[in-house]
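What follows is a set of structures for review.
Across the two complexes that follow, subunit A remains constant while its partner is subunit B and subsequently subunit C.
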Partner chain A sequence: MHVDKYEQAWIRISIFVLVIFIIAVLTASVSAGIQVPGVEGRVDPNLITTPGASPWAEPSVRELAPGKYEAYVLAQIWAFRPGEIRIPAGSEITFYVTSKDVQHGFKIMETNINMMVLPGQVSKLKTTFDKPGTYNIVCHEYCGIGHHTMYGKIIVEEVATEAAASE
Partner chain B sequence: MKSSSRILYVLALLPIVAVLLFAILRPLRVLPRIRLAPGYALFDQTGARVSSEDMRGQITLYGFSSTECGQPCAGAEEVMAEVVAQLESDRVIPVELVTIALDEQKAAPETLRAYADRKGIERSRRLLTGDPNQVKLVVGGGFSTFYQTDQSGQLEMDPALMLVDGLGILRAEYRGNLPSASAILRDIDLLTQEALNSTGLTRYAYEAAHLFLCYP
Partner chain C sequence: MSVQSISQPQAAASSAKASEARFALENRLTGWQIGIAMAALSLGIFLGIVQGLEHAGLNLYTYLQPAFKSYYQGLTIHGVLNALVWTTFFITGFFTTAITRSLDMPISKPWLARLGFGLMVVGLLMTAYPLFANLATVLYTFYPPLQAHWTFYLGLTLIVVGSWVAGYAFFFTYAAWRKENKGVTTPFIAQASLITMAMWQIATLGVAVEILAMLLPWSLGLLPGTDALLGRTLFWYTGHSLVYFWLLPAYVSWYGMVPKQAGGKLFSENLARLVFWLFLLLSTPVGFHHQYTDPGIPQGWKMLHGLFTFGVAFPSLITAFTVAASLESGGRARGGKGWFGWIKKLPWDNPSFTAQNFAMILFAFGGISGVTNASYSLNLAVHNTTWIPGHFHLTVGSATTLSFFGIAYWLVPKLSGRGLFSRKAALAQAWTWLFGMIFFSNGMHMLGLHFGAPRRTMLGAAPYRDAAWNPMLMESVLGVLILTVSAFLFFYVIIGTVLAGKKLKEPVEMPVAESMDTSPTPAWLDTWRGWVYGAVALVILAYGPMLYVLFNEMQLIPLPPGLRVW
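What follows is the complex of A and B.
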């Protein structure tokens, strides 16, 4: 079979690069201990609901400082806990989401927030909600018969300004 | 294949292999540049004003506690005490350990000194206090560390330690299950090596190491 010499050369390069990548991935995962996601992004699903062992035992929104929040959200069949998150407009919020059971999705409608949620893994995302309104959170990874009923909401409340308050 | 073509292929592959080897073997280890550490102007146990600018040029390990804090702060205090015990005094780049008090009210210098004596904290370590709103912005807003005082006056907090380099950049966040003192000292050594060696051409090697780092 005739193969053009340039084609031969590029086949060799492709194979060589492939081998290098395989070695790179293996070395990184085995020797250097690099995992995706990182060790700090993991949680033991067996302890997820044990009080004191995990912040997802009591999923909640916490105010770190004025205008800065963090939300520990637990996805489970077929609900998000907490199901409702309230923050003032203009707040920065960091979501730490994990799953109690199977694979779920965490998509906030009308935004580009879109995360996959896996048991044992913490998905983290930071965002700011400037526009007041209700944003629905939907599960967009099929998770069973009640998948379509799995949703939550974020209510971004308008902040009363001094001018508005004096009216 | 002509020998000139072969050389050409080798030359094309060499940088790829070099980059991959650099990424895999990580001859230079660095800590990520997470974000700028928060700026502040607080007061220490002598009543002197201390700002984040005073920490420039040295490595700073921040811990958080309150003068009334018991169990929630014990773990972090133990790790900090262990770091102090294992830290050599003649380091090229000084290392300072700072505890920011999370009291509901600004603590008086004598309250801080009494707390330090009670906990066996060395005189050389700084304890900082200030207006509670400012402390909230620094610790909650800047270091993203949750704390609050419950109705019974007990401090609720997530254990945390923060490592900041001499340029005022947050380089490591230790949260939850805090690491051992030796792990923190290893990170301090990495920061020291980077600060000492990242000059001239080596600086580009360090920048490349940052480039290949998986940032949190």
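What follows is the complex of A and C.
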């Protein structure tokens, strides 16, 4: 097949650029540790809220070790439970989120936490909050007529000792 | 001699008329298909404008009661009518003309073409009922366990099956042509269109299984529940190739027709054929890039589809070069000189050309934001934010839609036998779409990127909405206002042409670009079997194992009784 010489050059450049992109993406996810949700096993959305049956029966935040937290969050129409999460600045927190009814979204503003929340599935991601302040958790998947009212808050509190030290 | 030279143009005119008569059925079908497409689009765009204004705090839905009950009902109708109905109907209509004229052969089994069209119309009516009755406010992605009325699922199925049958009519026509033209290279426009229809058959299998095996029986009470993740996976199996089904008909025009309109030739026809085969191979096995943020799918599979996604960017990069080089040949043939002088000489006074040229420009931006979406890691920043509608209004909303407008500017005169009603209005339409879309999409992109504002959301009423979002929302609303003018101009020109255009003495011909490179087409670019097998094999590799796991683990989760969320 005859291919014009400029076009051949363009084809080479295109392949080169795409390979660079691929390498960049691979490096970012391996070395910078950018993570997307994976497989966490299935749950039954009609049973999880039975008392004692699962961590989502009493959705809450737990401290695992100093500065290490895990949050079990239940998404349902049209609220997150718990609706407000408080942690000290500098904490690492892992979210386990599932839905009781339809599909929802879970995006924490100003962070890399962005995941779909599906009935029957557990979405897990972790992040560290260094800066004190209030971060909205917004549902970004259509979940019915009240979808735009569905949000929660993460309140990252200034640590007392740090505050004292900086004074 | 002199007698001959006088009678020749007359002979040509009467043979053009005779040829129109041979294609009477094709003209009628195309006319109905694109007519229905445009009717759907007019309502779809109207609701788009209402949505855009809502984001700026002007909620017109209070005045649209009881016809449209909510923002989300409107959004569902906007998505279904624009992304599914306008595209599918226009594409089958356009291809009915493109394939038969390119082969110079009428449809060989007219009953099949009629049946396909009939199924699509019945499907459309059936889908319209629950949409307007507010029984299917599930958005155009209908993710389970949102449950629509069963007529919604059946109607969508019939539209898709109708488009399959329309495709069979094309394939049979091609087979008949092949029999009469042994050893002749398939004309480019026909081949590219047929490959697009073949890709569509493979692509729609996912959503067909989702609906027929899961959602339709469930909505009829025959299945106890649904599996959300399996539903999403089957949907996005189709969902990504769907975007190529929207794009490739525009490519058919950009490669096969626009160079002719620009006064040039198609720069490298053989490479263009290769591009279409690559799309057949690579359009489908990339769907997980829509599910990067989904739970339940291993990161490795997401990564694999992410890498394939860069592969499918490759044929689009070739397209950018070939189409630009073809246009350059046109500009130079029209007397353009120097590095950029040829651009000025392009036929900017021809609305069909101008609209499609702007479609290409907007697509270049859309391609850039698309590569961002596809990047496994960058995607986290923008997934399900307003960045995404910012992106696809450049692609399906412009590359596709504005190209189809450009095509309509010669196709409607051809079908109606009437000249374009107002060339000036049509040119203004193209320019306003260009600028309207730049503002609209830039506002949406930036709002999503910087503030993470969620898409599919009644932002005007959201309690977390921040005053800092306003400049970007206002920019997007400025775009919406310009687009409103543009849409109005489009329908003004089309309706004006059909009702009051000047009667043409000679029928308009479909523009067909010649190939600049006259070297023969290698046989491997004009055979089907290997490419189709390759495409199927890639789909099985990229989807087989994961679908096997998901089917095995399937949980049919019942809905909480009486749950209707809208």
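In the analysis below, the second predicted complex is superposed on the first by the 122 of 167 C-alpha atoms of A that agree within 3 Å, B and C clash if a C-alpha of one lies under 4 Å from a C-alpha of the other, contacts with A are read in each partner's own complex, and residues count from 1 in each chain.
In the analysis below, a residue touches a chain if its C-beta (ideal position, glycine included) is under 8 Å from a C-beta of that chain, and two chains touch if they have at least 3 such contacts.
None of these values were measured; they are calculated from a predicted model.
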**Request:** Once the structures are superposed on A, label A:5 by its partner contacts, choosing first (subunit B), second (subunit C), both or neither.
**Result:** first
**Touched partner set for A:28, first subunit B, second subunit C, both or neither** = both
**Asked** With the two structures laid over each other on chain A, which partner does A:16 touch: subunit B (first), subunit C (second), both, or neither?
**Response** first
**Request:** Look at the residues of subunit A and decide whether subunit B or subunit C touches more of them.
**Result:** C
**Item:** Which superposed partner A:61 touches (first subunit B, second subunit C, both, neither)
**Value:** neither
**Request:** Look at A:156 in the shared chain and tell me whether it touches subunit B only, subunit C only, both, or neither; answer first, second, both or neither.
**Result:** neither
**Request:** Figure out whether A:70 sits in contact with subunit B (first) or subunit C (second), or with both, or with neither.
**Result:** first
**Message:** Once chain A of both complexes is superposed, is A:109 in touch with subunit B (first), subunit C (second), both, or neither?
**Reply:** second
**Request:** Classify the contacts of A:93 with the two partner chains as first (subunit B alone), second (subunit C alone), both, or neither.
**Result:** neither
**Complete:** On subunit A, the footprints of subunit B and subunit C overlap at residues 17, 21, 24, 28, 32, 34, 38, 40
**Request:** Report the residues of subunit A in contact with subunit C in the complex, numbered from low to high.
**Result:** 1-4, 6-7, 10-11, 14-15, 17-18, 21-22, 24-26, 28-29, 32, 34-40, 42, 44-46, 77, 101-103, 105, 107, 109-110, 112, 114-124, 136, 138-149, 151
**Message:** Quick check: in the complex, which residue numbers of subunit A touch subunit B?
**Reply:** 5, 9, 13, 16-17, 20-21, 23-24, 27-28, 32, 34, 38, 40-41, 55, 62-68, 70, 94
**Fill in**
Residue positions on subunit B within touch of subunit A in the complex are 1, 5, 9, 12-13, 16-17, 20, 23-26, 136-137, 139-142, 144-146, 148, 158, 175, 214, 216
**Item:** Contact set on subunit C toward subunit A in their complex
**Value:** 70, 72, 75, 137, 139, 143, 145-146, 227-229, 232, 267-268, 270-271, 274, 291-299, 302-303, 306-307, 310-311, 313-314, 317-318, 321-322, 325, 371, 375-377, 379-381, 383-385, 451-452, 454-459, 461-464, 517, 519, 522, 525, 553, 555, 557-560, 563, 565-566
